[in-house]
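Take a look at this one; I'll ask things after.
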Amino acid sequence: MRPSPALVVLSLAASSLVASPVLSSLGAQSTPTERAAAAQVLTEIDALQARIAPAPLARRMAERADADRDRVLARVESYWTGGMQGLSDWIGRHPEVGFKEVLAVDTLTKVLRAAGFRVDTGVAGLHTAFVARWDSPAGTNGPTLGLIGEYDALRGTQGDFHGDQHNAQSPVAIAAALALKDYMTEKRVPGRIAIYGTPGEEVDPPAKTIMWRAGVFKGADILVRSHSTTRTTRARAGFGVCCLNINSVKYVFKGRPSHQMSSWNGRNALEAAVMFYTAVDRLRPSFRPEASIQGIIPEGGAAPNVVPDRARVEYYIRYPDEIYLAHIDSMMANAARGAALAMGVEVEIEHVGEYRDGISLGSLEELQFAYARKLGAPKLVDEAERPSGYEESGWVSREIPGVGVRVASSEHANHTYEMTADNFTAMGHTAFLMDAKVEAAVLFDFLTNASFRATVQTEQKTMAALFDRYVAGLREAYAPELKP
Amino acid sequence: MRPSPALVVLSLAASSLVASPVLSSLGAQSTPTERAAAAQVLTEIDALQARIAPAPLARRMAERADADRDRVLARVESYWTGGMQGLSDWIGRHPEVGFKEVLAVDTLTKVLRAAGFRVDTGVAGLHTAFVARWDSPAGTNGPTLGLIGEYDALRGTQGDFHGDQHNAQSPVAIAAALALKDYMTEKRVPGRIAIYGTPGEEVDPPAKTIMWRAGVFKGADILVRSHSTTRTTRARAGFGVCCLNINSVKYVFKGRPSHQMSSWNGRNALEAAVMFYTAVDRLRPSFRPEASIQGIIPEGGAAPNVVPDRARVEYYIRYPDEIYLAHIDSMMANAARGAALAMGVEVEIEHVGEYRDGISLGSLEELQFAYARKLGAPKLVDEAERPSGYEESGWVSREIPGVGVRVASSEHANHTYEMTADNFTAMGHTAFLMDAKVEAAVLFDFLTNASFRATVQTEQKTMAALFDRYVAGLREAYAPELKP
Amino acid sequence: MRPSPALVVLSLAASSLVASPVLSSLGAQSTPTERAAAAQVLTEIDALQARIAPAPLARRMAERADADRDRVLARVESYWTGGMQGLSDWIGRHPEVGFKEVLAVDTLTKVLRAAGFRVDTGVAGLHTAFVARWDSPAGTNGPTLGLIGEYDALRGTQGDFHGDQHNAQSPVAIAAALALKDYMTEKRVPGRIAIYGTPGEEVDPPAKTIMWRAGVFKGADILVRSHSTTRTTRARAGFGVCCLNINSVKYVFKGRPSHQMSSWNGRNALEAAVMFYTAVDRLRPSFRPEASIQGIIPEGGAAPNVVPDRARVEYYIRYPDEIYLAHIDSMMANAARGAALAMGVEVEIEHVGEYRDGISLGSLEELQFAYARKLGAPKLVDEAERPSGYEESGWVSREIPGVGVRVASSEHANHTYEMTADNFTAMGHTAFLMDAKVEAAVLFDFLTNASFRATVQTEQKTMAALFDRYVAGLREAYAPELKP
Amino acid sequence: MRPSPALVVLSLAASSLVASPVLSSLGAQSTPTERAAAAQVLTEIDALQARIAPAPLARRMAERADADRDRVLARVESYWTGGMQGLSDWIGRHPEVGFKEVLAVDTLTKVLRAAGFRVDTGVAGLHTAFVARWDSPAGTNGPTLGLIGEYDALRGTQGDFHGDQHNAQSPVAIAAALALKDYMTEKRVPGRIAIYGTPGEEVDPPAKTIMWRAGVFKGADILVRSHSTTRTTRARAGFGVCCLNINSVKYVFKGRPSHQMSSWNGRNALEAAVMFYTAVDRLRPSFRPEASIQGIIPEGGAAPNVVPDRARVEYYIRYPDEIYLAHIDSMMANAARGAALAMGVEVEIEHVGEYRDGISLGSLEELQFAYARKLGAPKLVDEAERPSGYEESGWVSREIPGVGVRVASSEHANHTYEMTADNFTAMGHTAFLMDAKVEAAVLFDFLTNASFRATVQTEQKTMAALFDRYVAGLREAYAPELKP
């Protein structure tokens, strides 16, 4: 989970509005422009949700008697206690940071191959990404059930650590997958299972964006992922993201070196970098106040007696919506080019990562929450939270229906050593098992209940079309302001 | 005279070299590149001066008996004491700053018209510039003798004042001109006299550059000008300028206003100006250390609650030679364009003034000095000074032979209230009369001595050709460093 | 009226909240911190307003039959048509900008002296400020009725102009005052009348702050002022200001001059100014996003070939509340001191103006609105607007009860040439007369209705105490964030 | 050897002056202030050198017949070919960068211990520094002969390499030392030998400054060191340094971190670093143009979505003399403090290294050159070069007489891979052997010739006193300019 230590003033202001029942889908649109652009779309989301009525539907589904499903859940438990919990602990004790998760991937792929999955590693050009696939012996004329597993640790001042509990994600997914596999085999249910090993969630570049662009997720009919949290929650249906839309951008300046005693023969790349960095501050009042732009200079010259011929600036550019974000990005690119022109150097601009609004589906969100409640998940939050997609990049959730499962697994905040410790306590172990059961239950219903599957698919298609209309509306709303 | 309060370290270092007799023409080339580029040219200047031997020639000419010349000088004295000294005092007591010298120009042109000159005012589009011409009744088949008169005062904290004694220049020139006119009339000497009233010497834009570009000085065969000074001096033959070659440049940034409460609708011209001003500092180590670049922000926004849509930066860019100066100018222009690009505003760059190396002729410099010595001028400086042209813009002296007459007229530095006071004391009055006599004597010799006239013309032509070679040599010497 | 061309995003967000009836007094608190700090206070304001019930009270008072009052209003009309309208036109045609309103003050004080007022001019050290006082022949054992008159014009690109219709304010006040004076004389009503001539509303420094600090308004029991507007409105009871709390600050940097050829002997004040200006941009992300900080460099060096020894930066610093505003102000002062230290120069920081939240009273706001409605004022706005005090500085309204009268007087926005034109049309003339009648009616009721007077005084006292609690609450709320 | 790729314009200008025989000691003073401060001192140096007449003295000494000396030199050769050349090659093939020279130090100290030296390692707190001492069996009532050995390699793009041939220095010193030791033992000559292993010559902090401050060199009566070069040269007697006096300084800024979404809770150390870096550019025209100031930002934030709480700027500050250098250093420290104050962060300033003018002695310089010539050293340069001390820090040579031996050892420039290759060719091997012989010969003469020893000691003492006077003169000369 991307850190979101403080929800901004602006989103707080916006969220106060939700008391009004008419605007129940709101919350992801935090500026007047966005709210204006979204107005009609939000009305239609409300109408859609009213038609689906996902909460009562979910409650009925979770509460129904279903021996097959209950057997699947029992099987999840035996896989968990029989091995997966130990695997979660082992990964938790061998933390590896993003894109270096070689031990974790070796172990997980061995387990999956042993269980009969076909495993491709190094997918999308990422060394520690993998996909494990299994086709039902009853044929593939059925849905493809996708499960996402992350495994990267955080870099900390006391060493690397699993402060986001990613160690548990893949064992959770495997326990659910194996139980479903057993069921599909035994009951001759056609379909497929795919487990996506996605590296480097905590760092750039965003692996899921790269994998999505490479078509890795194509073919999945649904995706589930679990994540550590301090409260058991669900999202409202809608579009949004935890912490604004983000461009992560590198600006590399290249000049000409020279010894300081003949500095006039050089062209100083660091001066250009510093000029650009300062120019971004100069531009701040030229951006709407909801913008959040933060940067560093991770490369600022090598030897103090030589004119630096290379320097690098990196920025995280955030804005509540992607249209104005692109405007900021473009003005900053001009600032970088202007600094290069001024200092007689070159600049290369690389977009390392792009995080965007994702889509939350009422049908899946309510279903996972209903199962979590039924299983006795602790610290349930009554009110639905702002929409935000089930994976951090936003891109995947715009295309494939899915849900993030989140049973409270620690008393302590994400990214803390205390949450790390809960990986190995009853609180963590119990929550992870519930995660696995909820994943299995949601996938079971999607697999076996054609009507529910149609509901999910319709909701996804409708939401994606509304999202496109929202973005078109934003573009139009900003047009007078952003014309050159 | 442009202020030169401190000769730079570099020119001091260079001037120490002149002890070596081989390098007697040096002194104006203050960087290794310039000295290398000038090496062969300097040798040829030395050879030329050796051929002319201007010092002994001048001594012989000044010391010769010549009744006509002596009558002219006596006539100069009677014009001076009979009216011109009073006119000098009057202008001294009615100081008018550059391009506002309406009283001075009214008075001077009245005097000249009364004396039979044809006067054109507003020449070259400058309201307070004029040319007064007189053709000899003996015909115009003779040299045109030119005299330059300035009349602008300085702006001071205690009011405007004639701290550079420009009040005396035109009366001095008129006294000399009238005496020569009388002689040419009486002796039936063909030729012409032209007095150039040149405004605004102390301020930009440089009037003489404008007048030169407009062709105002065309036709003059020689030009003389006097100027206040604390020592009676002469320049060495060569190329140079008192205080480096100068570009005076304005950079006007134009953005879009907006109230501060919606600053994102504006484009801030002041931020661009400040960014550019800062960029010039960032570029300093990218320029050779002999560069002197100083600027101001005379226009930096009107109301603090409105995004400034206009701002202006002005720079004085100085370098010992004009080739590297153009390089600096070009990099600074890119800095201005880069700042505009970065801030989303426009920039207009205007070259307000250009001051360049001028040419000093040994023949004329030594002659004026010999007459000054003969007339008993105080505070003679034995050693010849660095070459610098006889007018501040440099352009005119590259084309027309001429000389600046400088008899010590004050104990106090230029641009002081004390020098102003000496306008009205015996020290000033005596020196101005000597200036007028020296101007008259030099012009008399040029008019009547065909052999000397040929010497001057040959020297000018040769020096101009050598100067072109010097500039071509500089261009070649800098080429590897300045290639993009 | 201070310009408020755009209400910010943030206040829009906040104002959306007012749909909720519980929070009817809100609207002036636009950040979560402020809302938290104000929560209890707002509840008490609501309770206070519920007790007073100002709207029905006002309606009853306005609708009642009262022959004395109606005679006063008739008298207002005869004063207006008999002379004051002409005076308004005359001032409108002789626009004078802030602190230069000598013709207006001459004329107004003559009129007031002729009417029997004692006039003090040059009060509080301001050349064009005055106070005109009149004591009832029935004694001064009654309330002092205060009326504010402004008269400064705007500076425009086509010359100065009365685009804010300040020309009418004093004639309006005089018409009302003279009618009340006649009534008090005839009916032997004790009390006083004071007319405050307040200059320079459109420019800094804020005259009313200066006059308030000098004690000029002491003794007034109530104050009324009229102002041009495009809609007839009233404010909600509460604290607030149209466009954030403001500090207007000058930062003067003083260095040491030197010619550019020996720049190392100078200390560059402009570099320090530019460094400070840039530092403010660097600090922007260190301030909460509701801050609005805009600046200019109105003094940035005199001559481009001299190291500037003096430069000045001016800022308008705005924040929704005065506690965090003081924090920003203090960090900016450190930035100025840091820049001075870095460049080896001195800095002087001068607070030119301080605009603050004022107090709006329900009793007076509703009463003026009820009279405006009764008199047939055009373009009535049903809903009460955000609180903002009756004069732009905020300080006076914290101490003395009062109200701004605002009958729609133009179809065109403030600060436009079109609104200026309406000074002389029926729309303007009619509105100004209504302003005068409303001022007179409100003052009449305050003078003659002891119970209403007590209500107003209690409301003011209570609101002032609540405001103090609000500020104390803010201070406490910010404490953890602002501790060093 | 510190790199000096380009002698500045200014020193070129100065060096042109040396044609004048009167000023033969000049050359190290490159600014007018320095030359003025040095004037009397230089005259006294000239007088001192005239008294000593070191060149003819050296020639006589080198050419004299001396069987003992010649036997020592033969012994040097057999130590060199018998083992030291191989050791030089071995170190050359095992390059270790500064302060990591563990293999070299292990090997060298083993050799020295085996030869009977007492070895202290880790001296002055430096892990790879050592001193090896040997006392004559004839007693210690004689001079202590010091030899310096460096052994650090350069960091290159193709790996570490001995591009400065430091691999040879210690073997050269050991060959000389062992031959002298044999002589002293056989001939019963009292005295001592000390070999100083000095690490990290190519990098900061300067090891010799640290060792000198720790008193490591105390007791040495003379110090010799060899160094690779492309020409066989000697220095003029005087004070100076190859590439200006240097302060190497680190500025560490410390703020408060915060996530970008609540950046106002942070205090940005990178902004302060960038502000300081920019301020140094702003200050450039406030420093004399001979200053050379170059910097980097090697630490500029860790994560782009977090307000950086730490940033570091490093500068190499150079000026021809140490007094003005201190002035620049002090203004830059204020700039750092000002930036910290402005941004609300802390700054720590650490002086990592200080390089200063050293002292060259005519007696020792001429003697080593005379021996090099006698031994047939290649590429002799006739004219003496500018004074610069025999070790790079300057501090040691101010206190202890010494000389750098420099026989041309490569056709290729220092710090090149080509010079590295010459470590292993006949050119390198022959030159290193000559270095060893010259070291031995100089030390032999110092040891055995009491009159020469007295000459050296007197010259050192006199020069040190003159240096103090020079510095005092500088301080006085700058006083008016540098007073606050």
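A, B, C and D label the chains in the order they appear, each numbered from 1.
The rule is simple: a residue touches a chain if its C-beta (ideal position, glycine included) is under 8 Å from a C-beta of that chain, and two chains touch if they have at least 3 such contacts.
Chain labels with UniProt names: A, B, C, D = Peptidase dimerization domain protein.
Please read these numbers as outputs of a predicted model, since none were measured by experiment.
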| item | value |
| --- | --- |
| Shared interface numbering between chain D and chain A [over half = same, under half = different] | same |
| Centroid-based (C-alpha) most distant chain relative to chain D | C |
| Centroid spacing, where centroids are CA-atom means, of chain A and chain B in whole angstrom | 72 |
| Rounded Å distance, chain B centre to chain C centre (Cα mean) | 58 |
| Whole-Å separation of chain centres (CA-atom averages), chain B against chain D | 50 |
| For chain C, residues that touch 2 or more chains besides their own | 8, 260, 263, 265, 271, 274, 278, 281-282, 285, 288-289, 293-294, 307 |
| Residues of chain C touching chain A in the complex | 8-10, 12-14, 16-17, 19-20, 31-32, 278, 281-282, 284-285, 288-290, 293-294 |
| Contacting residues of chain B [partner chain A, same complex] | 260, 263-268, 271, 274-276, 278-279, 282-283, 285-289, 307, 331, 334-344, 481 |
| Complex contact set, residues of chain A against chain D | 3-8, 243-244, 248, 259-263, 270-271, 274, 277-278, 281, 292-308, 311, 314-316, 318 |
